[in-house]
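Following this line, the structures themselves.
Look at the two complexes coming up: chain A is in both, with chain B in one and chain C in the other.
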Partner chain A sequence: MADEYKPPALPAPFNNTRPAPELLTQGAEAHLYKTVSLDPSIPAALKVRPSKPYRHPILDRRLTRQRIIQEARCLSKLVREGVSVPAVLALDWEGQGGDEAGWGGAWLMMEWINGPVVRVVLEQWEAWMKKNASSLDAAQLEQENSRVRDLLRRIGKTLGGLHKAGVVHGDLTTSNLMLRLPTEGTESETSPTGVSMQGEVVLIDFGLASQSAQDEDRAVDLYVLERAIGSTHPRSEPFMEELVHGYRESHRGAVSTLKRLEDVRMRGRKRSMIG
Partner chain B sequence: MASQLERLDILHLPESLSVYVALYRDVQNAAFLRQQLLSGNKEFEYAFIDASMVLSRAHATAAIFRAINDYTNDRLKSHNVHSEIVFSLNPANNIADSFRKFGIADSTKDLLVVKVSVSPEITYDSVATHLETSVQGNSVSFDDETLSEISDVPRIKKVFKLGALPSPGDKTNGTQNTNAKRQLELSLLGAIALRGS
Partner chain C sequence: MIAIGMEGSANKIGVGIMSHPKDGSPPQVLANIRHTYVSPPGEGFLPKDTARHHRAWVVNLVKRALKEAKVSVEDVDCICFTQGPGMGAPLQAVAIAARMLSLLWGKALVGVNHCVGHIEMGRLITGATNPVVLYVSGGNTQVIAYSSQRYRIFGETLDIAVGNCLDRFARTLHISNDPAPGYNIEQLAKQGKQLVDLPYVVKGMDVSFSGILAAIDGLAAAYGLGGSEKAREDAQASGKVQDPDNKPTRADLCFSLQETVYSMLVEITERAMAHVGSKQVLIVGGVGSNERLQEMMGIMARDRGGSVYATDERFCIDNGIMIAQAGMLAYQTGFRTPLKESSCTQRFRTDEVFVKWRED
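Showing the complex of A and B:
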């Protein structure tokens, strides 16, 4: 057996936390933990950006600080605008100890979103459909397809709200979309697939987000998601138009963004450097 | 009347640091308490907060946590952790201004008191005893229901420049009201966390 992976030590004050935060995932820039919020009965997500030892300490601090603040500002703004994202509960961008010797990382405590990631929902649905679609009658098939169309339309509407608020996500994939489980008492839908698509669409991971109202940035957001759905959820791809539809109805600027999306589709995410 | 001093459980703090909170209504001696603060009387080193500027437990707790985190990292902007709690309630960076807006005034009737055990002599009993003899008012439970009777929501929204948010308060529609309060609360928490960024 290989040595068990040991995540890096948590920064203060979370080295005190009882019980210890549980590491959920780790990306290139940050570690994500589940812990409790300031109210012990409510869970929270904790994103820690560790310092990067290969960077010059002063530059490292500056970059880490800039990025975590940018993420928190976007989230906080979206909460004020009523877009469904995890709220910022607490934040520390200053690092600890001295400028050069100390810890140059930063952390962000966020609201915990209880529910599945859209990627998993679509994967499960597609897997079930691949195996069992032939056993469904036409009406059932239509009902299944319309559930996915409805989900994509809700996603489009949520993205419209995001862009309307003046923020672009910068890394839209179905992994960065969640469904907040409805509170108890709501009637749950029934589907032979056993995969629920209910719940409010919540956008997560604003690590690459920025404030922008430009059609280009917005269109690239949509394009990136479109490509992500096309490559990871082939059975859902034909319903992409529903997402565009939900988006179009969400705010006034949507039409010109969608016009730009057509240009972006022709050339890809990066703009040509010629001319 | 027995005081309802509460030890606030924040599971991220070192066990050596305890946070005590007490909420009072109908306080009679706010001017006296404020005077003790101004004269720097060590016995009265508390965060004395005008409770009408506090929306909820989560709101107060966010400011307390921010202040203690800054305290443990040696980056207080004000004299001590207790004044820093009052300062942390303010979304802006002006210390004097935060005392005017969130701190105790001579006319304060509803008072939130916070004490952090920065030294081992400070215990639940010592704080309870001292408050019992010092604050003339009705000790009430520090909970969202009580605070909702006290909070001056329009003023809080104004200070946080959140006038555009839907207002809780009108008792007409239950869910809508809860959602509005939740959105306001989460907006306050974000502003507190981001102060100075």
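Showing the complex of A and C:
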């Protein structure tokens, strides 16, 4: 099979920084590194969009540049509006230092968010529940379910804030939601599962975000998340109502967006037309 | 055990015979016969004409398949047929034939979802165990991943299928439909050099092609590249048309269209791979036989430390054995389609099928 994987070379100046940025994840579009900003004690997230060799070079540059600028614009707008997203520290859409041609893709440096990704939280919770749910009594079961309901409600509320600020995310999945760990001193909740669901919900990865206040775009945003939860967290899916609930309470435009969501759901292509 | 598979959801009618040996050794393809209804350049295939074509060929194909497979009717265990999704009239034409054979020979009837047929055939031929599947054809565009006994759709087209977009552009340019419009676009695109700007429409995990088609149709009209006359001129010059003003040529448009839509497909596939953490990609469906798409997907998979699995036109393009293969898997778990429930449907989602034969 394939040789051991080597990530593409980093664009300047990160090919020369010490300590070298540490690769955290390879997303679909970008590589996420942990590095430092200004001072070795300040951690920062570095998102590199390497050039995609499968794409035609002209198309590749056009898309990469468009997306990184778009992402930075959305993030800085959201920071101004008080939505919890990582702040932008620096960027370059014409990153140099690639393998041959010098074009190494684009990069964006952001504030470091300390905490887990919601996907992992729900996966751990579901895995534990799958194995041990039968050992819980009714009250415990109810408590566990209500923790998930609470989390989904908080997510809905955060999404409401996002949409209210005039931005749609464009790629909402549970991988793009994080929980910022509470600062020390806060009392932590106890659960037999050992999975904490505390912390402020932070939205990340605005690579496909755009500025829009249309119900259609907002509803599609919610629909994408709904389907992502359905396909990756089957056990949490029944609690989707809570997310909708949290969203509804978040801002005034929510009601008409949710009405539109019903239409969007119906539109899913080739859905059975019976009943 | 031996199954006959009958496929006719679009302009191809296929009959295939598949054997699953009792000793558990790998399944074998005994016969794989197909006949395609080809419409003239500039036209698509209409349901009623396609259905007529299927009716005219079905008996011939079944007879030839049995002969080629060297099996007699007594050896056959079940008749599998495409129950959907697809074009109504052609689906019905083949379903009637399947019902008739089932009653005539007293064999069990198994209705198969066309998309699941593609996936199962792809898995069998390539040996990919649990891949992210890109299913691209003239009627469907879906990114699929398996999870707890369903093939779940991660992303799909919001309007027309990618193959439909290519086919319809081929009509605009009056490119031949023989053997397939997409194939001829691919050949023409090899001479293209200049990339024209087209919309690039990825919405989350989903894609949309209708706007791209409108845009490129508009460009073809603006540069006067559409129509049968231009097609003839181009054929005479054997593609060496180089406009002095650097205006895009027909080949450039085909090239740009391919580069744009395939980039979109690779992008959503990569996103699905990242999301489910899979390193295998399987490409199925007629558009999957496009070599540029396979190449792009290969580069993407390599950069993720994975690999791409693709099949050639015998298995990629609609065929009967894929229906036999998926049908047989269901049949072995005890699945039957009673005559009363054997009507076909144009809308039959991939995720409606309960995949009883996989346990992972």
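To be clear about the criterion, the second predicted complex is superposed on the first by the 241 of 275 C-alpha atoms of A that agree within 3 Å, B and C clash if a C-alpha of one lies under 4 Å from a C-alpha of the other, contacts with A are read in each partner's own complex, and residues count from 1 in each chain.
The definition used in the following text is that a contact is a pair of C-beta atoms (placed from the backbone, for glycine too) under 8 Å apart; a residue touches a chain by one contact, two chains touch by 3 or more.
Everything numeric in this text was worked out from a predicted model, so none of it was measured.
Of the two partner chains, chain B is the only one that A:94 touches; chain C does not reach it. In the superposed model, A:234 makes contact with chain C only, not with chain B. Of the two partner chains placed by the overlay, only chain B lies in contact with A:69; chain C stays clear of it.
In the superposition on chain A, A:39 contacts chain B only, with no contact to chain C.
Of the two partner chains placed by superposition, A:194 touches none, neither chain B nor chain C.
In the superposed model, A:224 lies in contact with chain C only, and not with chain B.
Touched by chain B in one complex and by chain C in the other is not one residue of chain A. Chain C contributes residues 85, 145, 147-148, 152, 154, 156-158, 195, 197, 200, 202-206, 259-260, 263, 266-267, 270-271, 273-276, 279, 295-297, 299-300, 302-307, 347-349, 352 to its touches with chain A in the complex.
By the touch criterion stated above, chain B contacts chain A in their complex at residues 9-15, 57-58, 61-62, 65-66, 68-69, 72-73, 75, 162, 164-165, 183, 186-187, 189-191, 193-194, 197. For chain A in complex with chain C, the touching residues are 1-2, 4-5, 8, 26-29, 52-56, 58-59, 62-63, 170-173, 175, 208, 220, 224, 227-228, 231-232, 234, 269-273. Residue ranges of chain A in contact with chain B, taken from their complex: 12-14, 16-18, 35-36, 38-40, 69, 72-73, 75-76, 79-80, 82, 87-94, 96, 111.
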